[in-house]
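Both complexes below contain chain A, partnered by chain B and then by chain C.
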Partner chain A sequence: MSLGQVVERTGSPLARPGGSGPRPGRRRLTLSRLDVAVSPYLYVAPFFLLFAAFGLFPILYTAFVSLHRWDIIGSRTWIGLQNYRDLLADPRFWIALRNTFSIWVLSTVPQLALALFLAHVLDRRFLRAKTFFRMALLVPNVTSVVAVAIVFTSIFGLHFGLVNYVLESLGLGRIDWKAGVLSSHLAISAMVMWRWTGYNALIYLAALQSIPQELYEAAVIDGASHFQLLRRVTVPMLRPAILFTVVVSTIGGLQIFAEPLVFDGGQYAYRGGTGRQYSTLALFLYEQGFRSFKFGYAAAVAWVLFVLISVMVVLNVLVFRRIRSAD
Partner chain B sequence: MWPSRSRPRPRRRGVALLATAGLLLAACQGGGPPTAGAPGTSPQGAEPVTLNMWLFGEFGYGPLIERYHREHPNVTVKTKVADYGAHHDALTAGLASGSGAPDIAAIEVGFIAAFKARPENFYNLLDFGAGDLQGDYLPWKWQQALTGDGSALIGLPTDVGPMAMCYRTDLFEQAGLPTDREEVGALWPTWSDFIEVGRRFTQATGVGFIDAGSQLYNAIVNQGTEKYYRRDDTLVYASNPQVKKAWDLTMEAIQAGISAQIAPFTAEWNAGMQRGSFGVLTCPAWMMGYIQGQAPDTAGKWDIAPMPEGSGNWGGSFLALPRQGQHPQEAYQFISWLLAPEQQLYVFEHTGNFPSTPELYSDPAIQDFSNPFFNDAPVGRIFAESAMKVTPIYEGSQEGQIRSIVESAIGRVEQGQQSPGEAWASLLEELEREVGPSS
Partner chain C sequence: MATAGALERAAARPRARARGAKRGPRAVGRAGLRTYGLLAVAVALSLFPLYWMFVVGSNDSSAISRVPPTVVPGPNFLRNASRVVHTVPFLRSLLNTAIVATAVTASVVFFSTLAGFAFARLQFRGRGVLFLLIVATMIVPVQLGIIPQFMIMVRLGWVDRLQAVIVPGLVTAFGVFWMRQYISSAVPQELLEAGRVDGCSTFRLFWSVVVPAARPGAAVLGLFTFMQTWNDFLWPLVVLRDPNRLTVQVALQGLNEAYFEDYGMVMAGTVLSVLPLLVIFVLLGRQIVGGIMEGALKG
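Here is the complex of A and B:
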């Protein structure tokens, strides 16, 4: 808009000195109107073109694939919604769904609480070497996910793992972390937390620092306690940042793939454990597509995952709206 | 990730070219093929050709590729090496999307049955006269890349993984067992004897005898001629006595407490190998290199004895030519040279991958080959004998998925999640869902 107007303004004075009459002027006018109308779209077009090619098209094509019995390197037949019906009747899908949500909750809730606490500590005035600590928080996040997962996997090893070593020297028994549902989810959540807590803490820190000091001063004058400051000033002012981190954690958490894959580490890692204790939806998708060669079925899993994430994000936003109106 | 491509590859034209090439070849069959199967000859002034080859792990082809290029200056071979999983995923993705697959691709035996069930993705090497080479290779190995009806061959054999039993002499001594390889072999003529030896071993040493139940299971089940499929591709996983025998023996071993419960190919497994957490390891030829790499400090503490009840094969690969390739003629000429006995011998001498060409087995280079890491065991002779004893076993298209389901069930019993009976019932249920009912 504004750019178009600038062009129009500079364009017309240049046209006058020539005195070339109304027709070229009108043509310029049409051109500049066209410019005003079209240019903005052209400016934003690159994003939409890229999104159409790498976002929208794959999503729609996946939907198309999911309506077929589609051997990944073989034949394909149209079967309508059969893949979705099969999926809903497939116990492996429900196990993967349970695991995905369980790992997501176990990693996200403590992670965000811890991040808030860390941000609060870092925001303290008396803290020395602030930049060092802030940088340090981000280090886990720039580490490769596979490297993190490999290290944590050996920490949680049954025979030679650090955690079991400590447990044994305390006289407690070993835990076969991979064998149990809850134990494996805890181990995987620990990886996610280690990687993402610092990132979220920095976002909270930035939000904390943008809260005007006057609000606190006014509250203190009104006699607010420490807890009331947190409850009535800090958390409400952080709401946009909290919403952002929850949405991002939802999108990332429900697609969790590399952590359980590396955690297993064996020949059939894509199964997510002998009894699928830590099979997630993304792992199940990969197994069906690239090991069973059932491309259509894998596409159906992908679509269910997409819908689930969308629903969860909408729910997050709605919940936050309710919290705001309750205030 | 993707290999550099020297020219665009329109898919349709590739198919048309292939059809013509096939016709031409069929026409030339009487007079002998013009170039194929005649390594060392290069047509004068031939146009330059670049062949992309995808491999995984260590095939040891580097110097051979250079030699081939010197003899055929117009042919340049570019290799891309990835790890096992990523390699087969990228190949699958390339075939699925219709572009991006290389001219030559390695396929491991764990994937060959799945790709063989979809032979239209690859050039049929029989069209190039590969049938003439059949006598060079082990018959069971050749069968693995041949479709059930024998009409299409999708890959030429690289190495094989004939099996023996690696064992720790130091731990055997500690358990009061013999350490000499002949005597150790005599301890276990049958798998039941093997488990009995395991009981004595674990009682005396306190460590596991085998590394994991699934390893024992695989060694036993692969000694039959059929496991999950009959030759006509009907599923027989529930009724085949070979499967039940392997399962029951494995359950017996787990309940006898002789498994160290360490999942193969994990970091813990490598650590267990170094620390002596288990006394034996089912050993295909390539496992020697793995042990030497992962547990270098155990040099001299290992030896190799024959397996109970015969032999078996684990691993080994093939080189295949995806249909997207534009130069199948040159590619075939190259792989048929690369996988000829002389070149396989070179690879064995330099990387230890065991040849799939039996005429080499009597060669002094193999007969006299011993390995100091394994107490100077005559490994060349041991594995050559083992390779000759392997019985061909038919594998169907979903072999890989079936294996993962059965081995996971064994893992559940080891981890105490299920009893043997529960695990057997749940594996049948899962197999029926994944691959269909068994007859």
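Here is the complex of A and C:
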């Protein structure tokens, strides 16, 4: 297809250069046509080239690597699906999978509920110092995960941690937060919650404030009760925002990595605790890939996690559709 | 389920109270004492860990093990901080991070504005499909490609060099998406057409018309990108090992791993690592809050 055709087809005013200006020379006209036809591609090319090289290709190549026994010097042997068979028979994988889901649920559910509540409180009329409150709630999100994890690891410390100090002065016993499955998951969930609740509250607040007043007025004229307003107007209008936050927390939560790594502090060689009680899939991937240098095996973990996240995101969307049609 | 329940509980009460007042039904309760009480608790919880970071970082390490624990800042922050920078090349890490974050931010803002302009205002074949591709890639967890990414860096000889962290971050799907949305609403088509009639080249239009109009959106994108890059952890951890080439997050993690019993020093390092972003946030947090809330409505 010639460039001329490209220009003909697009048919936007922008695609017709020099229409009524002073008549340019033929050479200039050609140049200008070339400019109009080629520029858009040049402008979007940097994204696609870099994304292809450092994003898309690696993720696809991961699948290829996962079919090999592959070590750090690059020697590789094709072993088909053996890595996956090993993975499914590896108790470390199942523990990491359980921990990942447990931490994800423990952090996401209370976090989003709390965020909704906070958004509702922030939505009050004539609230003073609005910007201050919003900024204060967002500060945790600006703090790096590593810093958050270090502070919370100290707060949940066995001997000198604040939480245990409070528990003891209440007459309750100390808890060795790192030792237990549930206790370590709770401590890690607290880190996630602290960092993300305010952010999600702002998303919900934006959604609450964008609900048009007329919707409520119309519903009231139709005799809707307050409960019906909530159920038929507020919740459906918030649905996109809720779906957005759920998807974001799914993608982020299932890849949780820095929190368990810092919580472990390297003492247990990135296993996620003595008994792997807070090892996660991403941590397991890192351990296999960059501590044991089993690239093939680590690639299999990565690919499984990739598929898992994709499936969960699709599930989220489907469940949301379901809820809508059930209404 | 739990979410919906909390919402109902949360929303039902003030609505009922607002019933008698002369307002629209959407009008939720006025901010009263209880509102401020709740928000005060939330703000306290939100700020406490940062406060605690400074408390531990400014006391000597024995203060933390006292019973009852010290809960006010001490006089030793500078001493602890100087121990950090003398024990590990922490200042070097801060500088490295500043270099990486600045380069990535400049590039992301430039290329996103350029591509956003093309998607918002130029006609070309495949525009719809390509943009859909951008949206789709936003939810792809690309950091799971980390094994081949590392192999690429080995092949390029970039391990332990800052470009290993910079180059893959030069563009983001989110950035293109964000700038497309912003330019669609901020740059009038007529202005571009007028420029075209005057014989402007496409790049001239971009530089003289689009860039000035898109500046506020680009600024918010720049803030997001800078903060995200500053806080990036997994990839730098994998590809940077030389103590002089680390970014601050990796250096901080290493400090914590090696000296975890020296609470005062580790926390002083933690304070140093978050301080630059906190300063930016105090100065420009209003824009960041606005950006997140606007972004929520577009996404």
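By definition in this document, the second predicted complex is superposed on the first by the 266 of 327 C-alpha atoms of A that agree within 3 Å, B and C clash if a C-alpha of one lies under 4 Å from a C-alpha of the other, contacts with A are read in each partner's own complex, and residues count from 1 in each chain.
One rule holds in what follows: a contact is a pair of C-beta atoms (placed from the backbone, for glycine too) under 8 Å apart; a residue touches a chain by one contact, two chains touch by 3 or more.
Computed from a prediction, not measured in an experiment: that's the story for all the values here.
**Q** Would you sort A:Leu88 into first (chain B), second (chain C), both or neither based on which partner it touches?
**A** neither
**Q** Just chain B (first), just chain C (second), both, or neither: which does A:Ala113 touch?
**A** second
**Q** Contact-wise, after the overlay, does A:Leu127 reach chain B, chain C, both or neither (first, second, both, neither)?
**A** A:Leu127 contacts chain C only, not chain B.
**Q** In the overlaid three-chain picture, which partner chain does A:Asp71 touch, first (chain B) or second (chain C), both, or neither?
**A** The answer is first: A:Asp71 touches chain B but not chain C.
**Q** Touch test for A:Ser292: chain B only (first), chain C only (second), both, or neither?
**A** Only chain B is touched by A:Ser292; chain C is not.
**Q** Between chain B and chain C, whom does A:Leu172 touch in the aligned arrangement: first, second, both, or neither?
**A** A:Leu172 contacts neither chain B nor chain C.
**Q** What's your read, chain B or chain C touching more residues of chain A?
**A** The larger set of chain A residues in touch belongs to C.
**Q** Counting only touches as set out at the top, which of chain B and chain C does A:Arg271 meet: first, second, both, neither?
**A** Touch status of A:Arg271: first partner only.
**Q** Examine A:Leu182 and indicate which partner it touches, taking first as chain B and second as chain C; both and neither are also allowed.
**A** neither
**Q** Does the superposition put A:His159 against chain B (first), chain C (second), both, or neither?
**A** In the superposition, A:His159 touches chain B and chain C alike.
**Q** Which parts of chain A are touched by chain B and by chain C alike?
**A** 74, 150, 154, 159-160, 265-267, 290, 295
**Q** Can you list the residues on chain C that touch chain A in the complex?
**A** 2-8, 10-12, 14-16, 19, 24-32, 35, 38-39, 42-43, 45-47, 49-50, 52-53, 56, 64-65, 67-69, 111-112, 114-115, 117-119, 121-125, 127, 130, 134, 137, 139-152, 167-168, 170-171, 173, 176, 189, 192-193, 196-199, 201-203, 206, 227, 230-231, 233-234, 237-238, 249, 252-253, 256-257, 260, 263, 266-267, 270, 273-274, 277-278, 281, 285-286, 288-289, 292-294, 296-297, 299
**Q** In the complex, go through chain B and note every residue touching chain A.
**A** The touching residues are 89, 92, 95-96, 114-115, 117-118, 120-121, 260-268, 271-272, 275, 277, 398, 400-401, 403-404, 407-409, 411-412, 415-418, 430, 433-434.
**Q** Where on chain A does chain B make contact in their complex?
**A** Residue positions touching the partner: 71-74, 90, 92, 150, 153-154, 157-161, 176, 178-179, 264-268, 271, 273-275, 290-293, 295.
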